Amino acid sequence: MCLGIPGQLVRWVEREGIFSQAEIEFDGVRRVVHMACVTEAEVGDYILVHAGIAINRIDAREAERIFETLAEWGDDEGWHESLPEGGEHES
Amino acid sequence: MCLGIPGQLVRWVEREGIFSQAEIEFDGVRRVVHMACVTEAEVGDYILVHAGIAINRIDAREAERIFETLAEWGDDEGWHESLPEGGEHES
Amino acid sequence: MKYLDEYRDPAAAQVLLDEIRRVSTRCWTLMEVCGGQTHSLLRHGIAAELQGTVELIHGPGCPVCVTDQADIDFACQLAKRSDVMLTSFGDMLRVPGSQGSLLDARTRGGQVRIVYSPLDAVELARRQPEKQVVFFAVGFETTAPATALAVKQAAQYQLDNFSLIVSHVRVQPAMESLVESPDHRVQAFLAAGHVCTVMGYQSYDRFVARYQLPVIVTGFEPLDLLQGILAGIRQLEAGEAWLENCYSRAVQVAGNQSARDLVQEVYQVSDCRWRGFGLIASGGLSLREPWLRFDARARFAECGLPVILNSACRSFDVMTGQLKPPECPHFGKQCTPETPLGAPMVSSEGACAAYFRYAGV
Amino acid sequence: MKYLDEYRDPAAAQVLLDEIRRVSTRCWTLMEVCGGQTHSLLRHGIAAELQGTVELIHGPGCPVCVTDQADIDFACQLAKRSDVMLTSFGDMLRVPGSQGSLLDARTRGGQVRIVYSPLDAVELARRQPEKQVVFFAVGFETTAPATALAVKQAAQYQLDNFSLIVSHVRVQPAMESLVESPDHRVQAFLAAGHVCTVMGYQSYDRFVARYQLPVIVTGFEPLDLLQGILAGIRQLEAGEAWLENCYSRAVQVAGNQSARDLVQEVYQVSDCRWRGFGLIASGGLSLREPWLRFDARARFAECGLPVILNSACRSFDVMTGQLKPPECPHFGKQCTPETPLGAPMVSSEGACAAYFRYAGV
Amino acid sequence: MENHQQIMTSSWQLNCPIQIPAETDCVTLAHGEGGRLSRKLIQERIISVLKNESLETAGDAARLPRVEGPLALTTDSFVVSPLFFPGGDIGSLAIYGTVNDLAVSGARPLWLTLSLIIEEGFPLLILDRVLQSLAEAALSTAVKIVAGDTKVVPRGTVDGLFINTAGVGELTEPVPPGPACLREGDELVVSGPIGQHGIAVLAAREQLQFDPLPHSDCGSLLKAVALLRGALGDRICCLRDATRGGVAAVLQEWAESSGLTLSIDERCVPVSSGVKGMSELLGLDPLHIANEGTMLIAVRQGAGPAAVSVLQTLSKTAEARVIGSVKARGVAAVTVKRTLGPEQPLHDPLGSPLPRIC
Amino acid sequence: MENHQQIMTSSWQLNCPIQIPAETDCVTLAHGEGGRLSRKLIQERIISVLKNESLETAGDAARLPRVEGPLALTTDSFVVSPLFFPGGDIGSLAIYGTVNDLAVSGARPLWLTLSLIIEEGFPLLILDRVLQSLAEAALSTAVKIVAGDTKVVPRGTVDGLFINTAGVGELTEPVPPGPACLREGDELVVSGPIGQHGIAVLAAREQLQFDPLPHSDCGSLLKAVALLRGALGDRICCLRDATRGGVAAVLQEWAESSGLTLSIDERCVPVSSGVKGMSELLGLDPLHIANEGTMLIAVRQGAGPAAVSVLQTLSKTAEARVIGSVKARGVAAVTVKRTLGPEQPLHDPLGSPLPRIC
């Protein structure tokens, strides 16, 4: 459900209101995407796009987490002792 | 102008009013023709048809005239003395 | 086919030809009014046979040729509307308006459909209530009964999606306008047989009396034409001018009363622009008051277009017998059936097209 | 591609797989809510690798699968009108209504056009003012911001030829209705990542508290899924049940506030018929008062149709995890992608289609 | 569903004699997209009807044995509307058209390719009927369909069904040399009554409501050509099936190729009574109307009557006639003698003749 | 006249790079009806561009010299929309498609037939452009177009222009035996990055507004096939251009013919970055997307690397890769290895993939 693909913001086309748009690059091809819901993004950010509109920015810091965790596991012989959190916790 | 073709009435389809129609045969093919203007025709009559409607009956007697005239000319050594009338005369 | 083939008999035609040659003391100039007669004269080789004996000049009798460009433009405009199906006879499709022909309009996306009969267009309107079916009603008095009947049927069926572009023209006013011109050369007329089938020929009495020119009601087959020509020449040789019917198997003196009534009920005589002629008083027909709801001009009032006239074409001269088509400077050069400058080159009945086809270029 | 390819790394996946196997003391039953997750699990071989370790059952998360047949029938009816251009996502075209699919409607003459975005449908309406452009708005909360934006743009452009068939559904009420059923087998949920991208996941607090089931917000790539599964199993092994976000690069706790505002402004929560489920309270969205003029149901009120439900399909059981697709008696026999008995076989996200494609028949 | 059915059938004119059940299966885009449904359509509906080895094993191209003589190669697309007409249909036409082109070129037809372009929504039952007719025509002319292609295009992008056939034949000696070899005195023969196909299709398409509908002459000329070549050998100059543009178009092309005048007598040209009636009524000239199983033959001076008597032994060409001869180039490339007087130029029509009323 | 122009161009998608002047000439029905305009169109616009003797003297069929070897015969109709797309157009496609079918069948392409079906109203300038492109493709592949046909159909009965080509070639030894000869261990090679044609056409047709538009791989495989056959000889089992249905469809057909399982590794299959990005965005699988200048090759065990290194000497096939091998028949006819675990069955798509959002 809800195919959402990350692409990189290369250019703002229009930054105001419900018609705001930016050019997003997906591995070599670009498309103008509606940005009404992600107005705060900057050129260079990765944007999650669904059905032609941006639904979020990709959080670059959070994106690294899993790899850091896996790296820790790999470094640490006893990695299975210090079980990593899979994600942030909200009770 | 005004392609008018003679065909033979083979069957009345409808004899009343503006919707009256009859089947007319043209050398092997038949078509239903509007007869509103030639209501008095009988089966066997030849009908002059233009744009799908009958515009007259062919007068079989008059149709012979020219051949009778030509026949007379042919019979008569002195035919060019008694010049035939080409048609009926209306002053 | 009975009543066609026997009138094409070569031996009989030869007898009439010989007789025409025998009675002619000079080369008389006859006008065949009708384009169908022109084609038949050329197609069957009669014009060629009579060369030098009789001069046959071509009259205005091609309703397709004389249909006003403004009407064609209007038809093309309607054809391009997505809600309209424009219907007409096949003849009309190649005649150029100021912006191209109906065939061009179709090529550019318009919906244009050929019908054999106006009544078939009424049927289309009944079967396709979501379409506005417009019939482009061209033709002389011969065709007017069929389109009048179509209007009456549409009224009976209470169709509100059928209408006409009425471009009917009347032949006799055109003949009058022609002989009123000081430089006309016509010495006798072969009147158009099928117009007379409908209208009769009483109305020519006054014409003959006034202009002192023989008028011969003439049919379309070789023997009919030869008989008409012979009759005309005999009158001319005798110095007479009267009204004669050489097509008596199809024409009665009063014409077809039912057909005339039908025309009379639906149409009224009106002034009319003839292509190549200009405005001819009483030269056409228009719908009478009670039938005006079937007038496409009223229904699609917003579609009018200015007319751009093509001034190069010499059709007026051709259709008034002033000019033989090959004498037109454009004939066979800029003007061919593929690239017609004028209607007479494009209608299948047009005099220029007839020369182009049958006389060889 | 950045943020895709690295999450498909086989070596990293292998590490997570090993860890899942290591921590599992028994075979837990997890439901992945979203059809996209189902496809990814099968496509990338994860489901096969975890066989016997974890039981993955498929949730109701394919908006195409749960779209009510009555809506599809209505869309097909509209598509057949000559004045309507029906637009939708490619996904919807093969899903059968009671009288065939939109693709069938097109085959029978209807005008149906695929768009990539609802905003593209607004553009079509602007460019073709003579057409009524109807957008068939299916999708979960992820898609609702796009269609809400389309409505707002259409209003701004003052388009009176754009409307929506609103078939948006809400995922959480469906999860609730599922766990309310006494015989459900779900021990933890992988919540649908992109719905949470828009809506956030605060609303699951009550759900977790009430049903005492782990809920893990999970993404769509292999590493995302494995991470979500691992988190769920750890909770289960620890006897815990809390709300956890394993898709933090794309999901914040409050979701996307602008997108939520947009949805809130244009839509209201309403009861909704889910295909295979029946009426779900608060299970869908409908247009709010000020936007009702964009409701296709109101604009084409005369086009309603009675619904004929196909009772043979076991989609309710499949979508509530009661039945694996191959256990359906029709699967692969009467029911194939060519001849689907139910939506899950035809949507590219449907669980039955996923099994048919990736698991081999 | 009444409206539904109407939409389905109104967009092309089938004129098909079989009743289509409302629930009939239709061709869908998926049938043309290379997957399972494509293979199913091709296997179950096409190959099973046209059955022969080459077609069954064909991958990208058919593999065929070597041919002794030089080759002839031809192609035609068939776009007739309606698909069914009295006397034939698009399927038989697609075979006879290409077989006839090979035959009149002096070749023995060997193999045909078959390419179908089908509109989405086209009823499978109708497709079956076309293929059946096509298979029968192929069988009766002993040609093999060895390679094919099937495309399905979206609703509205083709009018129901178009068919292309290409044909390979082996030229057999003496190959008729063609119109460039014509010389004064050569004689022109027509193999049967003209105009039947064009009139039949026009009447069916425009729903002119004539009864009985005239029948097309759609059929094979293989036997007639074989007999003729056997009897006349190198006294045959050229042959041509008089398709689009009718006999007039063939005369025009031959006159242009030879630089001579081709002259015919209208009264010698056979015309069936139905064609005659409709031509008069619609203001058409049968010389300009298409045929699909009637040919024009030019033979050496004096060989006309021999050609005619050979042709008259076959029922299909029983009305063959000598219609004219080749003359030194006069005023016009093609001339016709009608009722009176000298020969008239026969005009080359601008486009297909339209029915007219004036 | 603005409305006018809009009507004219809206009915098919030209996507043509040249601006059409409003007053441009269009194809009319008369161009297809066998008269003067037909001959003019054929002489001035077609023959003059494709110039060669056979076509100029062709009557009903082209007369061709005899051929030494056995023959290959193929046909395809081209119905692509839009007519012009990045990397090619319907004209070049019609040549390369048929040339490639002959080449992968083991034949040297000799002659093509060309059949055009044109919609009334089609701009002549666009036709010229297509013919020019077609002529260049024919020249570059050294095939001769020897016979042709042109039909013009009324507005609305075809979508602009369809082209059929049929091709005759001479089979040269050793002819690749075909998929029935496959055995366990044989290796599967793809000649270049996949999915380019299908994605290019989809993006252009649906106006998905991507930039840069991906380019089609539309082009000739003649050279690649010749090099490959020269180097590998009878170690080649079969070749197939992976057109409709993409690589997946070819694998499926070969698996069916051989009764074995064809197994590939997705990570070895070359995919260009533009195609990758659009496939992800639209939810499509490049394995199912059409190619028009990329082929699949099956070679004997161990010959894969040799095939790849031969192909890599040509720029068009520089990215050739071994992508899998032939195995004993397992659960599925075709399998694919993706991220993890055992091989997945590769499904045979139902119809062409539709872009999707969920």
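Just so it is clear, A, B, C, D, E and F label the chains in written order, and each chain counts residues from 1 on its own.
We take it that a contact is a pair of C-beta atoms (placed from the backbone, for glycine too) under 8 Å apart; a residue touches a chain by one contact, two chains touch by 3 or more.
Note that the structure is a prediction, hence the values are computed from the model and not measured.
The minimum number of touch steps linking chain C to chain E comes to 1. Traced through touching neighbours, the fewest hops from chain B to chain F number 2. Ranking all chains by how far their C-alpha centres lie from the centre of chain D, first place goes to B. Although chain E and chain F share one sequence, what matters here is the overlap of their interface residues, and that overlap exceeds half of the numbers used. Of all chains, the one whose mean C-alpha position sits at the greatest distance from that of chain E is A.
Summary of the copy comparison: rotating chain C onto chain D for the best CA superposition needs 180 degrees, to the nearest 5. Across the two interfaces under comparison, A-F and B-C, the one joined by more C-beta contacts turns out to be B-C. Centre-to-centre, using mean CA coordinates, chain B is 38 Å away from chain E. Distance between chain C and chain F, defined via averaged C-alpha coordinates, is recorded as 55 Å. Annotation: 30 Å between the Cα-based centres of chain E and chain F. Chain A and chain C have CA centres that are 77 Å apart. Among all residues of chain E, those that touch two or more other chains are 28-30, 36-37, 208, 276-277, 280, 283, 350, 356-358. Residues of chain D in contact with two or more other chains: 1, 4, 35-36, 62-63, 89, 116, 139, 143, 338, 349.
Shared interface positions of chain B, defined as residues touching 2 or more other chains, are 1-3, 5, 26-27, 50-51. Touching chain pairs in this entry, ordered by label, are A-D, A-F, B-C, B-E, C-E, C-F, D-E, D-F, E-F. Within the complex formed with chain A, the chain D residues making contact are 1-4, 6-7, 12, 15-16, 19, 22, 34-37, 61-63, 89, 116-120, 139-140, 142-143, 145-146, 149, 152-153, 156, 192-195, 197-198, 201-202, 205, 216-217, 220, 223, 227-228, 230-231, 234, 242-253, 256, 258-259, 262, 349. Put simply, chain C touches chain E in their complex at residues 1, 4, 8-10, 13-14, 17, 35-36, 42-46, 48-49, 62-64, 89-91, 93-94, 114, 116, 139-140, 143, 222, 337-338, 347-349, 356-360. Those residues of chain B whose C-beta lies close enough to touch chain E in the complex are 1-3, 5, 7, 23, 25-32, 49-51. Considering their complex, residues 206, 208, 276-277, 280, 282-283, 331-332, 337-342, 344-345, 347, 350, 354-358 of chain E touch chain C.
Chain F makes touch with chain C in their complex at residues 1, 3-4, 7-8, 10-11, 26, 28-30, 36-37, 120-121, 154-155.
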